[in-house]
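Labels run A, B, C and D following the written order; every chain starts at residue 1.
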Amino acid sequence: MTSAAPFLIRSVETPSSFANRYAAVRAATERLCVPLHTEDYVVSSMPDVSPTKWHLAHTSWFFETFVLAPFHLDYRALNPKYAFLFNSYYVQAGERHCRAQRGLLTRPTVAEVYAYRAHVDAHMQQVIATIDDDPHHPASAVLELGLHHEQQHQELLVTDIKHVFWTNPMRPAYRPDIRVASTPAAQGWTVIDAGVRSIGYDGQGFHFDNEGPPHREYVQHAALAHRLTTNGEFAEFIADGGYRRPELWLSRGWATVQEHAWRAPLYWESVDDSWHEFTLAGAATLDVHAPVTHVSYFEADAFARWAHMRLPTEAEWEVVARTEPVAGRFSDAELLHPHSEGASGLQQLFGDVWQWTQSAYVAYPGYRASDGALGEYNGKWMSDQWVLRGASCATPASHARATYRNFFPSDARWQFTGIRLAHDADGDFA
Amino acid sequence: MTSAAPFLIRSVETPSSFANRYAAVRAATERLCVPLHTEDYVVSSMPDVSPTKWHLAHTSWFFETFVLAPFHLDYRALNPKYAFLFNSYYVQAGERHCRAQRGLLTRPTVAEVYAYRAHVDAHMQQVIATIDDDPHHPASAVLELGLHHEQQHQELLVTDIKHVFWTNPMRPAYRPDIRVASTPAAQGWTVIDAGVRSIGYDGQGFHFDNEGPPHREYVQHAALAHRLTTNGEFAEFIADGGYRRPELWLSRGWATVQEHAWRAPLYWESVDDSWHEFTLAGAATLDVHAPVTHVSYFEADAFARWAHMRLPTEAEWEVVARTEPVAGRFSDAELLHPHSEGASGLQQLFGDVWQWTQSAYVAYPGYRASDGALGEYNGKWMSDQWVLRGASCATPASHARATYRNFFPSDARWQFTGIRLAHDADGDFA
Amino acid sequence: MTSAAPFLIRSVETPSSFANRYAAVRAATERLCVPLHTEDYVVSSMPDVSPTKWHLAHTSWFFETFVLAPFHLDYRALNPKYAFLFNSYYVQAGERHCRAQRGLLTRPTVAEVYAYRAHVDAHMQQVIATIDDDPHHPASAVLELGLHHEQQHQELLVTDIKHVFWTNPMRPAYRPDIRVASTPAAQGWTVIDAGVRSIGYDGQGFHFDNEGPPHREYVQHAALAHRLTTNGEFAEFIADGGYRRPELWLSRGWATVQEHAWRAPLYWESVDDSWHEFTLAGAATLDVHAPVTHVSYFEADAFARWAHMRLPTEAEWEVVARTEPVAGRFSDAELLHPHSEGASGLQQLFGDVWQWTQSAYVAYPGYRASDGALGEYNGKWMSDQWVLRGASCATPASHARATYRNFFPSDARWQFTGIRLAHDADGDFA
Amino acid sequence: MTSAAPFLIRSVETPSSFANRYAAVRAATERLCVPLHTEDYVVSSMPDVSPTKWHLAHTSWFFETFVLAPFHLDYRALNPKYAFLFNSYYVQAGERHCRAQRGLLTRPTVAEVYAYRAHVDAHMQQVIATIDDDPHHPASAVLELGLHHEQQHQELLVTDIKHVFWTNPMRPAYRPDIRVASTPAAQGWTVIDAGVRSIGYDGQGFHFDNEGPPHREYVQHAALAHRLTTNGEFAEFIADGGYRRPELWLSRGWATVQEHAWRAPLYWESVDDSWHEFTLAGAATLDVHAPVTHVSYFEADAFARWAHMRLPTEAEWEVVARTEPVAGRFSDAELLHPHSEGASGLQQLFGDVWQWTQSAYVAYPGYRASDGALGEYNGKWMSDQWVLRGASCATPASHARATYRNFFPSDARWQFTGIRLAHDADGDFA
């Protein structure tokens, strides 16, 4: 079995120094833009989508605001208006350009944005030189955060440009070369014993604040699917009237289906009575063996109900993922290759699609957001969203962790989001 | 200390027979309408609000659809269009009138709706006679559900008419007689020990499906406030810039504050630089000792953050409420009188305001909605809402339970919703 | 041939004194409410529709504001909030309640509104006694205006309650007794000679300011249809794909057809493949001989294009109507009876439906709105509307004039609006 | 006195042959794009605004659809999807891409659009060669129309890119070189005698169908201002509370002022208590002598009311403009230079701003749109718009005519639209 959507930033082994890592992450972002024309950088195809050049600039603004401004004494902004244009949502960092208007800006041009990146990079390397890879230097933590922040935007850049291309009736392909065939394994189940478990990041490495503090939770007796739900399985749900049967849906989900006339996952099209999907490689017939992706929580939940299953909780997911030797077999380079099975048979935990859980995105016990603008990073989003676990084909491998808590609202579909089923261990699953 | 908002259905001791209980509950609904003029029954002042006559008719439709239709062989509908007009959200029970248009219907008239109630009541008593108070009769469970359903609509009827009156610049009073003074106790804290607890209803009486199944949860070491947050305490939050400081708010909460220009709880008005509130007794100066009410989750959460506290989880709330002899001192009649303190000092658990928890409204482990239209009762709402615990001044006393899970979205304010603070036991609370 | 929609206020001969006329007009308004239940007075079924009790109160507010306030020294308002609630659009007369919320007010009750009317009426008769029917008394002009204003609201009251009833799936009937059969005459044409004509009111009686000043216009050589377009003729347009052929429509009209999924005039329903219409007498099969009504300008224009005709200009309509002995045969009582033909064969000029013209509603040459709040009566509406001529079945007969300029936007359909065709005299009409 | 906004396509003397004229018009469009970066071509800043590359492509589509398809036997579309993407509103020419999504298309790229233009141009010259400048060749009329159509889009391209730049907080300048100083003449008045006049185009040259047929109209005794209203005069209106006084506004105008918080013409900004304006040359202090521009009909009408004047009718404007030796002194080159006064003192008729009239845009007597898609060009817009006369600084000089009827809705402001006052001849003007 192979990874169904094997697009990934091809990064080399993680370099050890800040200087090398900074250069590598920044370069990885720009490599993602190689297939684009200038025009492609400019547009936002819906409110959730930011233009490519905005991603390029915003990640630079992040370093400028949180590293250069406090730690580089001689730094001068390239253009004072950029602080206004490229702040995303940090209210405490000053006024911001309206998100809805990001796609209306033709200036700065793409060339000017690249010049902005170079300007920031040059000054960042000066700061980095003073840090001397000291993890206790006051700039180290925010520099580290900036690198992970940029990796998050690498994924967003890819999901966003996919939507931009989809919006175009000409259906441009982002990278025609990256599609690979796959064969799904037979489904299997890993059983979780009930009991109190420790949840949350408790190591020494980088992690986002919302992954902690580590704490105890009671986990129920349950079973988790070995592999992800496939396109073919989801097509059976559709063929069985899945999008026409209100009893399968949450109330708001059914309203959403009606309002937007959803009939299939995002990027699926019915052509001459057979399903096609729009991928980063362009339009193609549906790969029934690949993991279903671009489904909302509402669709994942309805599918699970139809299958007489449920979605896992984030604790169940984490408990299982931690028993896997994930770290050992998971590197930046590997995601382009077939996953080997884990010790307990689990597959596709990282590198295919994010997996919806039935856990609402709320604070862990004892969580408190830090003061200041960076405290807005994760904490203020803790309402009306669900936790997703794992990592997708667009996630940089060095960015994935078993404790990572991604989150999106119930109706979000433009991310690489899919389904891993679960069921109560004493349930009716055959 | 007295209950700050002591409005309640004045019901007598719970009668023991179905016949008596049915008659008592139905009569209680109609007693709530005594202060109304015919015009007051007709209007919906916002999408969440249903007209009074719709509540009167819908609760009758519920008995008609789920008891009379299957269990009364000779029943004939008074008007076949009522099934269309008065189905609320039961997709599996047939087509429904659009919720947004409920307030546009002048017919059936109020008199016709009362005639409909009488028609249903007469036939219901015939069915009840055949049940002979046998709890195992197939109609018993749904009859019981219908009574609790009607009690839920008693509360909604009161909250809805309050909003209808508020919408009117003439500020009519619903019941000028029911306002009482109150004095808050000094705040105190009940400590919860960490450990695995059993959560969810595990008794023999009626409960909604979402209160079960009983299951284990790990509860953290924490402390719960003895009493509710008062209007006076919330006014301090406002005076300290609470509605103008984005760092105190969830992101969607801050957006909501901006969009709707919130400056205070719903029903507060600033008159000559002092706060007034609109109550069921009409407009009045703010009672600083009464529990703050008509705050959204966003406001409750922001207030808690401002106070360096947090909201309780629903498990914490339930653990504490269960150790209290709630059942013994909580009856239909008592809520009009001062609450005695519980064994651990806790006050105002039931009968003042619903208390927002930081627990998202999702299924308990092992929960599965039943098949058919009644399975839509609770299960399909399990997204994008929060659990509230307790009971309000508008809740019938016989309807309250320590395991009761009420739920509303983050921005709902027209219910009697308030704040009980909590904090981590090792936190910074003095 | 009979009038197809013969509903009308049955008023007696116009009394000559102000006292009698005031009493008669006010009583006529209240007679229109006799068929209503209290609930019917409260609701607004769409933004254009005002509740019946609002009409009753607003017309009283008009007299209170423009007659009692300046001319009755001892007048005291019954309730000072009524001035806020019942001002419609007179910006210069003070703050107003939001139009969109008119249907949300349950108070004042219907009984209180009638008491308000009685209060105003008693004081108005005192003022009228001081005027002593002197047309030059400073109060006379505004009193006269108030009477015509109330007559306008009589028509709106009827059109609005029709829409309220239509919105109700129970389809209540307003007056089951008023439907009469009709037989259309064969169509004929009155030719208008080209030349300069005098247009606008130039007599001594009451007229609205927008009917003047009288002025010269050049009128083209043209022909006007003798009678109105019938339902049967409009059904042919529909059967010929009228609502599916964009080439027949103005661009905004076609967009409106698409947006609102128009397939027929308002109040038409297709039942078992045949057309039914909702009338003041309730639902009925379509009367193919009656004039088509409840069509927008867009529909009237598209129908005319389909028929290889056009709509008349308001000058053409007025030129023809003025040559008719309209005044002689047009009285309050007559509209319930068949119209006799005019000298030139013209029929149905007044008393059936308002007739869309292709003249935009703009000022006549030399028109200037008067100063003060009453200057807002007609002048400020002179954009984005069309002139309609004639009078409908809901227009009080004593309110109709050949120079009357009614006006509505292109998409308005809830008034009694229909079609009289015209064509260029040298055109291709057979 | 000089032209205040002297931007214009610098075209040479009109060439006589179709081949030369086609080449000249097409080249003029592309010259307008010289100041743009690739990114600037892509964006639509509001629904009325089309991206530059859409204009470039749509004008080519027009020739492709209406000339090449019927008249070039061997023509093959460069890309079959372009017909879908670049049809604007011609319903009878096939399905169209949604106007609201024009700004979301990154492909075809700008380079591809220029290639499309070249492809069309090459084939067009082949067709033109077969026409041999025969005005009676069946392709000649639509070729001529295509040239004027492209000239219309030249103006739109300029107005649209101005709005795109305005939307950008960086305020890019389109052409920093084109601003010139100006000094207004003292105001004067040309009197029009009352009487029947011939209106509409009656010559032999190209004109749009809506300029005819020529017909008689009665024109009133009136006076027209010699020059346009200046920015300075409009600033007086603002200083006198113009945007805060509802009595000056049409009802819909006042609602628009409130809804959009209009406080000045589009592109005006208050900086440190003085007015600045955004021009094609970038941001600048307000030129008080230049004609006010970017005002809506609502603002023009309110200004005129404030000035105790009115706007002219289109007939009045045409009568006066025809008495001027416009043709003689109006050429493509001249607009960059000061206007000489006309025989009757009139100035600034053409080449500064379009002038709102108080004439609604409706059909002239006898007008009938032609069959087929080209019949949609002007006829289907004849509702809810006003006629503007003259020509603006962005209008190609060879495109202007005294009988030209431009039209926009009441609230449109992004065109170069301004004010020429009029008054009744016997009015109160001093």
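Just so it is clear, a residue touches a chain if its C-beta (ideal position, glycine included) is under 8 Å from a C-beta of that chain, and two chains touch if they have at least 3 such contacts.
As the structure is a computational prediction, the values presented were derived from the model and not from experiment.
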Other chains in touch with both subunit A and subunit D: none
Chain whose Cα centroid lies at the greatest distance from that of subunit A: C
CA centroid of subunit B to CA centroid of subunit D, Å: 60
Chain centre separation (subunit A, subunit B; CA means) in Å: 38
Subunit B and subunit C, separation of their C-alpha mean positions in angstrom: 48
Of all residues in subunit C, the ones touching two or more other chains: none
Set of all touching chain pairs, with the criterion as stated earlier: A-B, A-D, B-C, C-D
Residue numbers on subunit B that touch subunit C, as the complex places them: 37-45, 79, 81, 84-85, 97, 101, 103-110, 164-165, 167-170, 172
Complex contact set, residues of subunit A against subunit B: 89, 91-92, 194, 196, 215-218, 220, 246-247, 249-254, 297-298, 301, 310, 358-360, 362-363, 365-366, 375-376, 380-384, 409-410, 424
